[in-house]
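The letters A, B, C and D name the chains in turn, as written, and every chain counts its residues from 1.
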C-alpha cells in the first residue's frame, strides 16, 4: 500500500512525523508538506506563482506552498506512481464544526479526493496546540484506513477525524458525527502597530453553539473519536426545488427587456 | 438596504466597480476587497498576521488580505452597522463545477453566510478573464437579491451565480443548477527558473467531465444564467449511515486494547 | 528627456503622483512602482519568483514586487528606450542617516545607478507619513535634475534628497550633507497574538545621535533641503591598508597546514 | 566568547551548520536564521508585520523573516546577553562585486554592525550553489575572527569574505580586495504562465567587467580567500565638494521665488 501524507502545520510539526512513521509500518509513505505553518489556508491553491519542492534528508518533501498545493503537486507531478490513499494530519488542534471550512488539514484531504483518491483528515483535540497523544490519532487512522480501503465511500466523500488527546486505552470509542456549529466569531481585535498605524487581528473562533448529540464537538468532549463524512460537492441539493420556483419569474424579467430596479 | 461587496480579483478590478455602482442605485454599498488578485484563495483566513484596511479616495476599503479576511473584517470590525446582504464579485471568469472549492469569490460569500447574512457570489463567464458584459451580471444580482430578501434560503445556503458574457437581452433566462464536474486537473508543469532550479506550476483545471443537463456548465453554455445553491455545512449526511455501521467494530478495537496492524 | 519614476510607498501614494506630474512638464515620464507599500524593502530583488507588471488606466505600471524589482524590470525589460534619469519618491517620510540602508526609496535609485543611469532619491520630511508640501520636493528634484544632467556625478554616486515639509518659499536653501547617525534602535516589542502565541515587532528607529553641522538631520531641521551624495560601491577603501597588514600572517596559517583553534 | 550566527540561505542550509559547529569549538554560538531561502533580501527589514521566532530541537532559532530581521531580533530582543561578534554565512554561492548590495548574507552582517558589533559575512565560491568545502570557509572565519577581536576595525566597517570551494590546503592565501564590477545585468526574461498571462523573471547577474588585480573576483579566481572591507556609512565623501559647488545657485532659485521649469 502507498500512502501520501500531508498536513497544514508544516513538515516539521510533530504530528506529521508520528503519522508517517506509524503508516510506514504497513505501506510505503511519501510526505509532501508545507515548509511553514499554513493553518487556515483552506483550499487555497497557488495559481500565480510557481512552487518548489525540496527533498529533505529524511526523504520528506518540503514545499513553499499551501496544503492543497502539496497534495496537488504530489499527485499531479512529483510522485511516479499513484498512492492508494491520502492522509492529512495529525493536526495539532481540533478541526470541529465550522472550523473545517478554513482548515488546511481538511483541504489537503479534499484535494486528494478531487484527484480521485480516498482521503482522511485527522486532528488531535489538544488545547493550545501542544499534543501528547499523537499515537492515539495515528492508531485511529490505521483502523479507519483499513476499513476505507475495503469498503469505499462515495466518490465525493472524505472522512474528518478528531481524536481526543488521551492515551489509546482511555478513548471511549468511535462515533460517526455531523459537524456542530459555533456561535458567530468574536469581533476582530483592533490595535496599533509600534508605528502608530491601525491593524486588525482576526478574532478567536466563536464559542460552541450546537454541540448536541450527534455532533463532532459532543463526541470528542465525551472522549470518543469523532468521524464525520464530509462531501466535496458543495451543491445544496435540498434547496434546488425552492430556488427552481424562482426561475420563471426571473427569466421573465429578461424576456421583457426589464432591468432590475 | 445595506450591501457589503467584496471579490477576489482585487479592489481595482472592473467587475467590482460595475457591481458596486449598480447596487448603489438601490442601497448603501460598502466595498471591502483585497488589494491584489487573490483568485484561488478559497476560504483562507489570515490568523498569524494582522491585517490592514486602507480607505481609498472613492470610499472603497483596500485590504492586504484574502477575500475571506475582507468579509470577516468588514462584518466583525470595520462596519458600524450590519449590512443586509453580502455580494461577492463580479468575478472576471466563471466559477463552475469543482472550481468553487478553490474560489475566493465563492468563499467571500460563504464568509458572509457564516456571519449570519444572506450571500451571493457572482461570476461572469468570460474567456481569458476579459469581460464585456459585467452589466448583465449586475442585473442578475439585482433580481436575485430582491428575491432572496423577501424569500430567504435556509441558513446554511448561499447562491453561486454564473452569467454568460452576453448583452442582457441576449441572455436566455435563469436556470437552477447543480455543480458539474471536471476531469482530473492537468499535470503540473515542470520547468527550470533562470537560475537552473526546478519549479512547478499548478496546471490548468481539467476539461469538463459532467456538463449534463441540470449542471451549471450546461446552463451557461446554452446562454442561461446558472444559479446554484451551495451549502456551507460540509457534513455528508447521506454517508452517515454507512460510516455508522463501521463504528462498533472500530470501537471494539479500542476496548480490546488492540492496536491497528 | 525621459524619466523613470518609482518609489517604495506604492503606485497609489500621493508623492509619486505629484512627482510624475511635475516631471511630465519637462519630459516623458514612465512610472513603474510597487503595488503595495514596500518601505523597508532595501535593495531586495525577487530572484525566486517571477514578477508581473500591470499597466493601469493612467499609464502607470503596477508591479507586485520590490522597488528594486520595479527599476530593474523597467530598465531591463519593460521600457523600449532607455530613460535619461531615474527618480525615486517622493517618499512620505524622511530617509536620513542610517535609515538609507533600509530604504526602498534609496534602493530604487541605486538600482538605476547600477544599470548605468544618474539617479535621485527624494523624500519629504513629514511627521507621521502625512505630507502637505510634496510640490516643494518636486521643485527640488527639478532643479537638481537639470544640474545633474549637465554636470554628471561619478558613476558610482546617486543623490539622496530630503526636503522639509514646508511651502517652497519657506525653505531656506539647499545644503550638501553627510549622513548623520542614530542611536541604536529601540528594543523589539514582544507581544502575544490573540491566539496566545509570541510575536515580535521591530522597534522604532533610534533617536538621532549625530545631527551635528554638516549632517542631513541638521540641514532638514533647520529648514534646508539636504542633498547627500551616496555611493553604490560599498568598498571601504580607507580600511584596505589595515586589513592588508593582516594578510601575511593569515596566509601563513594556510601554508603551515594550520587550522584555527 | 559569544557569537551570533545568521545567514540568508535559511536555517536548514548546510553552510550555517558547518559554521555554527566550527565556532562552537571556541565560544557560545547562537543561531538565528530565516526559515526559508532569503537570498537577495538585502537589508530588507519587516516593519509592517510582526515576526516570530521558533526555537528548534537543536537550539537554533527559525525566524519567518529576512536575514536583517533575524540579526535585529536577536540583538534587540531575543538574546539575553550581547554577543561579541556577528558572523553571517556560509553562503552557498559567492557574494562578489556588485552582488553585495543585494546580498542577504552581507546585510545580516551589516545589521550586526549597525547594532554595534564587529561582523563578518562569509560565502563559499561554489558553482550552482552546491558546496563541498564549507570547512575551508569556516577555517577562514576562525582566523579572521580572532584577528578582528584583538585589532578592531573602524565602527562603520565589516568584512566580506569569499572563499574558493577548495580543500583548505589547496587555498593559496588571503588577499585584501576591493569590490569588482559586473557588466550590466542580463535582460529580464519574459514568459507566459500556464494561464497565458505575462510574467517576468529577473535575469542572471551580468558577466564580470572589472576583475582586475585587487578585486575580489580576481582573488577568488586565483585560489585566494578574498577579504573586502565594506562600510555601512553610504555617504560618498569624495563627492561632497562637487555637489557643494551647486548649492548656492540652487538656493538662489528658492530665494527668487523661482520654480524649476
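Here is the rule we go by: contacts are C-beta pairs under 8 Å (C-beta built on N, C-alpha and C of every residue); 3 or more make two chains touch, one makes a residue touch a chain.
Per UniProt, the chains are A, B, C, D = 5'-nucleotidase SurE.
None of the values given here were measured: they were computed from a predicted structure.
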Relative to chain C, chain with the most remote C-alpha centre: A
Chain pair showing more contacts of the two, B-D and A-B: A-B
Intercentroid distance (Cα basis), chain B paired with chain A, Å: 19
Gap in Å, rounded to a whole number, between the CA centres of chain C and chain B: 41
Separation of chain B from chain D, taking each centre as the mean of its C-alpha atoms, in whole Å: 45
For chain A, residues contacting two or more additional chains: 47-48, 50, 52, 193, 195, 201-203
Residues on chain A engaged by chain D in the complex (per definition of touch): 12, 35-36, 47-48, 56, 64, 193, 195
Complex contact set, residues of chain C against chain D: 25-26, 37, 39-48, 50-53, 66, 68-69, 72-73, 76-78, 98, 100-102, 107, 110, 114-116, 139, 142-144, 146-147, 151, 153-154, 156-157, 159, 168-169, 171-176, 178-179, 184-188, 190-191, 193, 197-203, 227-240, 242-244, 246-247, 250-251, 253-255, 257, 259-261
Interface residues, chain A side, partner chain C - complex: 48-50, 52, 128, 189, 193-196, 201-204
